[in-house]
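Pasting a structure below so you can have a look.
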Amino acid sequence: MDLVLVNLIDGLVTGLLLFMLSAGLTLIFSMMGVLNFAHASFYMLGAYFAYQISIFLGFWMGLLIAPLVVGVIGAGVERYGLRRVHQYGHVPELIFTFGLALLIEEVVQFIWGKDQMPYEIPGILEGAAFAIAGNTIPLYKVFMIFLSLLIFGGLLYVLTKTRVGMIIQAALSYPKTVEALGHNVPLVFMGVFGVGTALAGVAGVIAGPVLSTFPGMAVVLGSIVFVTIVIGGLGSLFGALVASLIIGWLTTFAKAYDVRMEDILTGIGFTKPDPIWDSAWQDLWTLTSPQIADILPYLLMVLILIFRPYGLFGKRDA
Amino acid sequence: MTAALEITNLRKSFGQTEIIRGVDLQIMPGERHAVIGPNGAGKSTLFNLITGRFPQTAGVVALHGHDLKGKAPYEINRMGLSRSFQITNIFPKMTVFENVRCSLLWSMGYRYSFWNMVARSRALNEGAEAILEQINLQRRRDIPAGMLSYAEQRALEIGITIAGGADVIMLDEPTAGMSHSETDYIMDLIRDVTEGKTLVMVEHDMGVVFGLADRISVLVYGEIIATGTPTDVRANPRVQEAYLGAALEAEH
Amino acid sequence: MTDTTHNTHSDVLAGSGLTLAKALPWLIASAFLLVMPFVFTSNSAITIMNQMAITIIFALSYNMLLGQGGMLSFGHAVYMGVGGFLCVHIMNWDQFFGTLPLPVLPIFGGLFGMGLALIVGSFSTRRAGTVFAMISLGVGELIAACSVIIVVFFGGEEGISGDRTYGLPFFGIEFLQQIEVYYLTAFWLVLSALGMFLFSRTPVGRMANAVRDNPERAEFLGYSARWVRFYSFVASGFFAGIAGGLFAINYEILTEENLNLATSGSILLVTFLGGVGFFFGPVIGAIVFTLLQTVLSLQTELWALYVGALFVATVMFFPGGLAGVLMMHTPPLVLGKLHLLVKPYIKTLLPAAICILATAGFIEILFHARHAAIGDDQMTLFWMTFSHANPVPWIAFGAVALGGFWLARRNAPELVETWHEANTDTGARP
Amino acid sequence: MRKTTRFGLGAVLATVLSAGAGYADTIKIAFIDPLSGPFASTGTNGLHQYEFAAEELVNKKGGVLDGDTFEVVGFDNKISPKESLIQLQVAIDQGIRYIVQGNSSGVANALTDAIEKHNRRNPDDRVLFLNYSAVDPALTNDKCNFWHFRFDANADIKMDALTDIIAEDDSITKVYVIGQDYSFGKAVSAAASRFLGEKRPDIEIVGNELHPIGKVKDFTPYSRKIVSSGADVIITGNWGADMLNLGKSVIENGFEGPIYTYYAAADGITAAFGEQGKDKLRLVTEGQTNPPPTDTAAAYIEAFKAKYPDGNMSQTRITNVIEMLAKAIDQAGTATDVVAVAEALEGMEHETMWGGTLYMRPEDHQLIQDVLITVHTDEDIQFDLDNSGYGQHLESRVEMAGKDSPTTCKMRRP
């Protein structure tokens, strides 16, 4: 039972981290219709910038400055790249961000090289916060949870209580109408893109030290972020949150508990072939849940799209 | 004789609001029927319900006596009903000729064939040419449809609609947004191409309606308040009231 | 107007039979393929050409989805991959393979690719757009992940290998040499390209374009958009499987990389680079990309950076791809004004090219200075050997880059003006 | 920097696509490994070590035969089997007879297979495959062939040596095995269970699991299981980011015992572990650097670090490849007849500067050598890795490990 609690906390950390990425992406996606393939690349940039800044000014300045820099770069990309491609339609836009992701990875390698960066968590956050039945919860994880919740709260406040937030919310559901009402939609787009990428940058800053900072970090997280927002449903921040948590817990529990295909198959009445290494089905029989934990979200997404193309909480067609 | 199109107690609600509130309508084969009504009366909704674009809440739509409930648009089309759209709805990146040829494919029995070459079928190409001639677009046949003028696109839209050889043709505001001369051109075109077919149209332009239609139905707030020949309808006091009322409301 | 009527006529007539004008591009391409090995005789050149041919088939099959059907797929590699895996399994199935001439093998790859497309397509083609794209991504990831889990079929990360020479000799040819494989591949290239071209001219191929442009309208013409997409998808899976079979014959090994997301992504890149709007676009894309990947990467470690930059620039400035750029010159050609463009092109594009090359040179020096070993400051660039510690090459490359940029920028308005002129029909046609 | 000369595209086509005959006075060695992409740092570092070894150990000493020199030519395979085969063909066309490769057993499998077929089909330009780092046991067992020589100890031999060390320690009663879900990870897991079962049946393997390769973002759940299983020791074959993340995660979650690994050093991993991994990470490897076993070795590393301050002397076996190849060519009296060179390599004994004797076992072309257990520490480190102050220090040595290990190889000689 204690382990369940620990796994819940671990899954929460993963889920909230994912949410920080998917929140920005879902804002961008639902508003502009752009599946920003480079979103995880901005996450990577966040980590690298923060590392570079932390060498000179320490972790906290990195946390403050790096997301701003990433956000400015993101806004620049929207202004000078995406807006130009926008006229050609959604597919070229998507392909543009796809190319951008490749380019960012190459540029990062050009500047920082191909090795892992020794980006460390700050001394003040080292060590354990508390322990549950011998399982320590590192202080840094608690920090991650609080920061994510803080950002989520801030986002919620901005979106529901401010004028800009109202416009964004309206634009999420009715982009054309909002434009017709005379709002400067290109500016809103640029702002949303900037804020969305800055959120990805924050995620990079705080994930860099624990999930390691290396040129492949964007690819590792890349497509899973789409999976999250597609599962959650387009235009729904709440859906993104739920989907992030589902994925966080799903993968954590699949890794933590050895569910074996063998048990499932015998449970539903199959008999194990003997000897197993001669059977054509040997790979199926020896499957365990940790083996497939990180591909479960893809399976979940395909199933959801087949049976519910709008996602869990989406109102709009994907 | 079965009606070409028979609508019985058709209803449609969006959420709480009932937009179509029990429509009954019978259109006989060969009839040219126009549906008119003030803005927001539900004309386009009625159209979309008949052609299977929206599912109805209640009621029956029957084409030649066959219930259309639950049928997908392509199935309805195959049963002999073809429609145009209020907002121009063509294949913009394909040439004018390709647009027309594509609309002939199913009716000529090509289905999902991948063993026939479209270019090698004389009947298909000649059929397409004939329609191009009818809608007077031969000179523009090889340019992408998206580059046509608005009136030409409307003409092409009608061409696509009639090409399939459906015997019930439904046109949704065919002259919307057109100048007088363009309207006359389209009117002649419609009269020409629907010869011998059942025509159902929604139209704002009263000139077009009274010039083309054999019978007219007036739709107000989701209900048909009158159906009859143009003269009958014009004389109907409820119609006058509805149009006058709408006009008065608009003034406020 | 006599002109158009004439056109109409010839088209209808041409439609009823095979004319020289229609067959000519194919004949030229075939002759070209026949002659190539006599021009580039080395085995590595033939290997690279084989790779190109496979990529061309794969890219064309991808364009059946993206360009012609409007379906953006992120998992197309799996159809090529499983087709190839099956072919290697057939190679290892002695009794059967011994009775099978090798040139027939790709058919099986095609059928298997088609089989998988049949299954996946049955649920993924119900919708286009994002739903299709995301299902293709998910299915692609799942199958790629399976490749290391289901060892029986995919052989784990080291893949499975076979030997093509164990097949039934084909008119005495055992396919020991690359050149024999080349002609086999070239034969299949022509056959598949022709097949895909003709497919686009069939009713379902035409309707694929219609559904891409306007699925709703297509529905009101009697066609179910879903089934049109489905048939295109299945046909595309078939040709991807053929490409997989040819891959199996060429490399005699299939691995996880044939299925993964990187391969699926790069074929998107190839196709878009070449141009999705024209049938021959992916052909150009495949040739250019293969050359960049195999030849440029021998020259510089930064090749991926250049390819990435080229790709982003293409999307931003030439969404029609390389084929689109080529075809932009059709109107001037028809108007007989192509010659007008020659001088402005030289005046603008030459400095631009020099600017790009000099910028690349500058980047190379920077890279060398950052990453080279101490004492190893010598580097060779554009036939010149110099030291990166020397400021002269830095300044020279920088100056040339800036100069080229300035010159191109200065002459660009003239090019734009001439371009408009060359595209305007002044009526003065000879 | 790579030694490939740079040309414009036109010149490139001419040279690459038409066979360029090799020079009579240089013996070219094709280095086919990743030089771009995520594994480029390992590849580039390996290339530097090869170039340095060829220069220092052969060319500066007068070369081989009558003064012929070695030249290492880099070919970027982007760690893709397909690209490797294309580059192999390019290398062969350039008249290169010696192929070295090491990163990824998948690539090695593809290469050995292709080279075997090539040599069979083209007896006139056969090539040798000198595998310096791919440790999949199959390469010298079921998939062995005459043209392939392995200079690293294979995964089974290393595990044999490692379990010898573990077996001697009576305080160890529980072992946890975790690895990436692919052939190497599975080989490590199988070998660990087998050897421990033979040597110390009382040791309980409390966990034996595989995780997807390169896809795990967060190792915490695995670490929780490992810690709560009460394991004394972890054995893992992980490499790259999977190694770093697993190691950091288990240490952060309170694992105290040693982590026995194959690939937890250099390429940024040593620096990234730093203090955290001290005395916890142990490597099963070959080639001793701390303390340097001989003065030659110390001087060699110093010279290398002077030339490549950012580089690591992480693959000491590369010098063995170069020295043994040079010796074999001298013995055979030819560099073009690779059959003669291969026969000279078979059964060759060689004193390495890294201490101990090397023996190229003729039955399966597996080099038999001392296998070491080293520990990640900053104490008594003369040659650190990643310039981090931390390095690998010798802890124990198994001499001529796996000398009598069985092999299923049935070598077919030409």
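So that you can tell them apart, the chains are marked A, B, C and D in the order they are listed, and the count of residues begins at 1 in each.
The rule is short, and it goes like this: a residue touches a chain if its C-beta (ideal position, glycine included) is under 8 Å from a C-beta of that chain, and two chains touch if they have at least 3 such contacts.
All figures in this text were calculated on a predicted structure; none of them were measured in a lab.
Enquirer: Which two chains have the most contacts between them?
Expert: Greatest count of contact pairs is found between chains C-D.
Enquirer: Can you tell me which chain lies farthest from chain A, using the average of the Cα atoms as each chain's centre?
Expert: Between chain A and the rest, the longest centre separation is with B.
Enquirer: Quick one: report the Å distance separating chain B from chain D, using the average Cα coordinate of each chain.
Expert: Taking the mean C-alpha position of each chain, the two centres sit 74 Å apart.
Enquirer: Taking the mean of the CA coordinates per chain, how far is chain A from chain C in Å?
Expert: Centres of chain A and chain C (C-alpha means) sit 32 Å apart.
Enquirer: Averaged over CA atoms, how far is the centre of chain A from the centre of chain D? Could you give it in whole Å?
Expert: 36
Enquirer: Counting in whole Å, what is the centre-to-centre distance of chain B and chain C, each centre being its mean C-alpha position?
Expert: 43
Enquirer: By residue number and range, which residues of chain C touch two or more other chains?
Expert: In chain C, 145, 149, 302, 304, 371 touch at least two other chains.
Enquirer: Which chain D residues reach two or more other chains?
Expert: In chain D, 40, 44, 181, 212, 215 touch at least two other chains.
Enquirer: Counting only residues that touch at least 2 other chains, which ones in chain A make the list?
Expert: Within chain A, the residues that touch at least two other chains are 113, 291-292, 295.
Enquirer: For each chain, which other chains does it touch, given as pairs?
Expert: Listed in label order, the chain pairs in contact are A-C, A-D, B-C, C-D.
Enquirer: Hey, which residues of chain C end up touching chain B in the complex?
Expert: 1, 4-5, 7-8, 11-12, 14-16, 198-199, 201-207, 209-210, 212-214, 216-225, 227-228, 231, 235
Enquirer: Under the definition above, what is the set of chain A residues touching chain C in their complex?
Expert: Its residues touching chain C are 35, 81, 84-85, 88, 90-92, 94-96, 98-100, 102-103, 105-107, 110, 113, 223, 226-227, 230, 234, 280, 282-284, 287, 291-292, 295, 298-299, 301-302, 305-306, 309, 317-318.
Enquirer: Sort out for me which residues of chain B touch chain C in the complex.
Expert: For this pair, the touching residues of chain B are 51, 72-74, 77-78, 82-83, 85, 89-94, 98, 101-103, 105-107, 110-122, 125-126, 129, 138-139, 141-142, 160, 164.
Enquirer: Which residues of chain D touch chain A once you look at their complex with the stated criterion?
Expert: 38-41, 44, 181, 209-212, 214-218, 220-222, 224-225, 227-228, 241, 244-245, 248, 252-254, 267-269, 271-272, 274, 386, 388
Enquirer: If we count contacts the way the header does, which residues on chain A are in touch with chain D in the complex?
Expert: 3, 6-7, 10, 13-14, 109, 113-118, 120, 128, 134-136, 138, 210-212, 214-217, 220-221, 224, 251-253, 255-256, 258, 288, 290-295
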